[in-house]
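Following are the structures in question.
In the two assemblies presented below, chain A is common to both, partnered first by chain B and then by chain C.
Right, the complex of A and B next:
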């Protein structure tokens, strides 16, 4: 953080400690006292929720790894052993499996929040890019984790995804066989996936630290998208946002708990309770729900190499988003046209998710192609052009002004309602 | 070489470069084992050959066997299936290479080049969709065989004809034909 420190050591010991390792000072300045815009809404609580999710996955994952066996002959049985024999094994596994879905739910809210309020724009480009890196690492981690129970979906999902690398010209097959450690997905593949599935969350943790560091250099964006100008635009993080984040987290946990205790398997696929069989492909291979939009894009393109490239581009385009959007106005609140296109884009993404779960034939295929095309049109045409033609609404002078104005309007409405 | 002239490379520059080069070679030589350990190991490479008894197979029937961790389709085709496959104009195929390990790599995808025997009755292929590796349907009687009467991959909708050639869908290549031969009337060796 570039602001001055407000940490005052209280005891002799903390003073002594501060001169040797100013860790409490760093935590105080970055958590307790961190000046945060006073107008953040609940969409801004998902960063805290995401941190909670990461810690949850790491804790439950380490416990699962104590009982799990990474061997093609034993893995499936060891997961059943966790479910039936290990004390609270069912609970820990369901927290981990549902937790992956909740993690993605939270990250999608977080990303779409950023898209709505223009959080990717200067000076937060690096912050945004680090976020996309985290998302990418999450996708890889979850994919490898899903292989570990060694059910039919595990096996065939792994087969389809690793085969994506075989489209690379000339060296494709060599790379795929290198990834497999054989001539098909097999024991060697399972073992390396387990090793990497254990490693990657800690890499994510590292990038999260960079992400938050960058956040604390630029400061939070906020719903009106106007930069912080004076002290009264902000409040200290504690207690204002610790409380808001905690409340939001509790609501999130209610949903989380509902899945764990009432419907733990609804987000998964029943075929994954059948042990992997290399000779039989399930009639209908689908990835977990959070990857369906990309699966729809992959299958919308009638060429193998093309499908893989376009799917890669769908994520890659997020990296250059800060330079595709030509509008200087951050928040969609003051961009009447962007606001509408934003919601079309949201619906388009949900539609892609639905199409990813359907057989790629007939009308579904046509629809996937249209939606895939629109996904790119949004980034490559709509965003650059909107910034040039759109006339933004008047932008408030400051965060405080915007907040006070909103309160005034509310007061006036209440008064007229009374009258 | 003189240490005095600032324009000339000095002894120190030389030592600097030599040290750097040495470290780079050292790093590369330890990186390679770490990369290569992931490649198929000796057990995976051990040349696996299997022998399959096909004496029970009637025309129109098919079996699937496992070879190198992958399914291999063996089909004894009907006259009609052979006719359907040989009528096709090779130039109109998405992939006009035979993809037959037993022939030279540039052989054309004619029906004769795809089948194992002279009559064209026997078709032996790796049952792995060349798109993203699913096992296509079409081996069992009740299976959907796709628009060309051969195999249909339900994963992303690839259609193969009765010679295992790709006809429609995202896959780009014909189903691979592995090293295979008749060692007698009743036994096929794969691998």
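Right, the complex of A and C next:
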């Protein structure tokens, strides 16, 4: 945004318009001409994919809301009405339900890409924090959305999660009853969850705009983690990254379509096709797959209050991550030790996800305690210490140098392969 | 495109470690309930479609046996003639619907009245409400059949739940129902069966309130198929799958069109991307 504008109004009308509202200029400078590092790989296409996911969820959600009834007695039947009687209702609902999972899949790739390439480091701390805010809003929105079909898992999931607030000393019960709008999860709870589930995507949209604004102030990070120094380090966003993002998005859509058309229910829980019954508790209450790691952390702690606090800390710690990592080197490519700890951390998170789906007993409980401890050790011990003891590999002078070097190595390899 | 560089290779190794790790943990978590076998269904897989004759037989089993206790509240008679369904004609559906008595009203005098069913009615329910259903069945509520095939599952365990993501295997529910209908037997000698309960190998806890519903020749099939227990169980399970997922055929057919479109578009974009990026060194 601080960069010089390259917009030249072509017609008389666009000149007139530009002087009154420079919207086309803003779009031109931020989309067409935006200087983007020339070395971004496919992991960097997930920002675009996420924007697509958000818009898809909002559009399908608006249509679903036209047919859905937020009433404890009617909600389950209204979802079946959408599936059976509304024209292409089954398609819209499956897009929305699978879309939630795809949204989280993409956001996890996006977050872990940021962790690998050190995208949270100066000067991108605010960009990172806004991202964590978006993620937090996504979690809340997804949780409320899951309650709306009013199946068994909806109801009991809502019961478990809202009950977490009851552990707050003194005012816990009051807060929980205030959230419920009564003395249990019931019609009032469903109605407010629907209202908030409709509101929150627009809040996410607002924070996404801030997130992109902040990105356009600092510019993209990139796989070598070296800041942009000269003009040849960058290419204009269009057509280079519009076409790369589009290709990546369509590949992502193939996976998306696979789940919508051939496997739409695999990511959900079968119990949610049983209407909510406050008198029958399901054998296992589990959240959707994308929240399982936090569920494992919650249940790893022997005290209820402790579990809630530690689970909250697991997200809260992401806010201060830019100041926990003491290394000045951004990209893991040049951090031999961090690279290994990074992959251990990834495995640890996946393990937590698996443990979240299992009963917290015996070996599973021991494993989830170890993994929970390691989750925090990674942030509180590994990251601060690594930056002090690690000897980074030589860092390229510039993005362009790094690109040309990589090309040379590739050419040499090709030549030796030919010979 | 993606190259198998050093760290991709490392990723593969790590992935294998996770795989082995999870597999060994899962081995500890084996349950006592008998494992449900995968059954061969016409509607399974990416080319899956319903077998009209099977759905018609399944409907007959539902109507003559199951419907005396189990409702199907979200299914309309008209659905029987719709695309991707059992393939009854509109005329046949009118006759089927008219054979059931619907309680309608109130009329202009405030009275409820009985009339023959119409295609626009939902399947008539055997009980007026849940309380009546419970009272008639020793306290157990016979679940509604509309979405039951999607509301039941089987314990898959690792690595199967992961494999299922990519094979499109979604027939756990209908496999379970089929297994359950065939799973009645005498309890083992040391098994204590509560009064009014029945032993079933596949039911969680092995005690089910529903007595064995299907016996040889429980129905006489209109198309002459021999009505063995397995045959009827298979037919009615398939019918329940259709009831739960009536748009399955349309969905899978549309999926192919969408997939072809996306693959072509991806190809075009890939070459556009190559061409544009050829302008600079990268």
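Methods note: the second predicted complex is superposed on the first by the 419 of 419 C-alpha atoms of A that agree within 3 Å, B and C clash if a C-alpha of one lies under 4 Å from a C-alpha of the other, contacts with A are read in each partner's own complex, and residues count from 1 in each chain.
Keep in mind that, in the parts below, a contact is a pair of C-beta atoms (placed from the backbone, for glycine too) under 8 Å apart; a residue touches a chain by one contact, two chains touch by 3 or more.
Because the structure is a prediction, the values reported are computed rather than measured.
Asks: So if we stack both complexes on chain A, do chain B and chain C clash, or do they fit?
Replies: Superposition check on chain A shows chain B and chain C fit without a clash.
Asks: Looking at the overlay, what does A:178 touch: chain B (first), chain C (second), both, or neither?
Replies: Touch status of A:178: first partner only.
Asks: Regarding the shared-chain residue A:153, is it in contact with chain B (first), chain C (second), both, or neither?
Replies: Once the two structures are laid over each other on A, A:153 reaches no partner at all.
Asks: Applying the document's definition of touch, where does A:283 land relative to chain B and chain C: first, second, both, or neither?
Replies: both
Asks: Touching A:186 in the superposition: chain B (first), chain C (second), both, neither?
Replies: A:186: touches chain B, not chain C.
Asks: Looking at the overlay, what does A:224 touch: chain B (first), chain C (second), both, or neither?
Replies: In the superposition, A:224 contacts neither chain B nor chain C.
Asks: After lining up the shared chain so the two structures overlap, which partner does A:84 touch, if you call chain B first and chain C second: first, second, both or neither?
Replies: second
Asks: After the fit on chain A, how big is the angle at chain A between chain B and chain C, using C-alpha centres and going to the nearest 10 degrees?
Replies: Result: 70 degrees, to the nearest ten.
Asks: Identify the partner contact of A:260: answer first if only chain B is touched, second if only chain C is, both if each is, neither if none is.
Replies: A:260 contacts chain C only, not chain B.
Asks: Looking at chain A, does chain B or chain C touch a larger number of its residues?
Replies: Of the two chains, more chain A residues are contacted by C.
Asks: Kindly classify A:107 by the partners it touches after superposition: chain B alone (first), chain C alone (second), both, or neither?
Replies: The answer is neither, since A:107 touches no partner chain.
Asks: Just to confirm the geometry: in the superposition, how small does the C-alpha gap between chain B and chain C get, in angstrom?
Replies: Minimum C-alpha separation, chain B to chain C, in the superposed model is 7 Å.
Asks: Common interface residues of chain A with chain B and chain C?
Replies: 283
Asks: How about chain B: which of its residues touch chain A in the complex?
Replies: Residues 35, 38-41, 44, 64, 66, 68-71, 128, 131-137, 154-157, 169-172.
Asks: Report the residues of chain A in contact with chain B in the complex, numbered from low to high.
Replies: 156, 159-164, 166, 177-184, 186, 188, 192, 278-281, 283-285, 298-299, 301-305, 307, 359-361, 365
Asks: Can you tell me which positions in chain C touch chain A when the two form their complex?
Replies: 2, 7, 10-11, 14, 17-18, 21-22, 25, 28-29, 46, 73-74, 79, 143, 146-148, 150-153, 158, 164-165, 168, 170, 172-173, 204, 244, 246-247, 251-252, 254-256, 258-259, 262-263, 265-266, 269-270, 272-273, 276-277, 280-282
Asks: For a test of understanding, state which residues of chain A touch chain C in their complex under the given definition.
Replies: 38-39, 42, 77, 80-81, 83-84, 90-91, 94, 235, 239-240, 243-244, 246-247, 250-251, 253-254, 257-258, 260-266, 270-271, 273-274, 283, 339, 343, 346-347, 350-351, 354, 358, 362-364, 367, 403-404, 407
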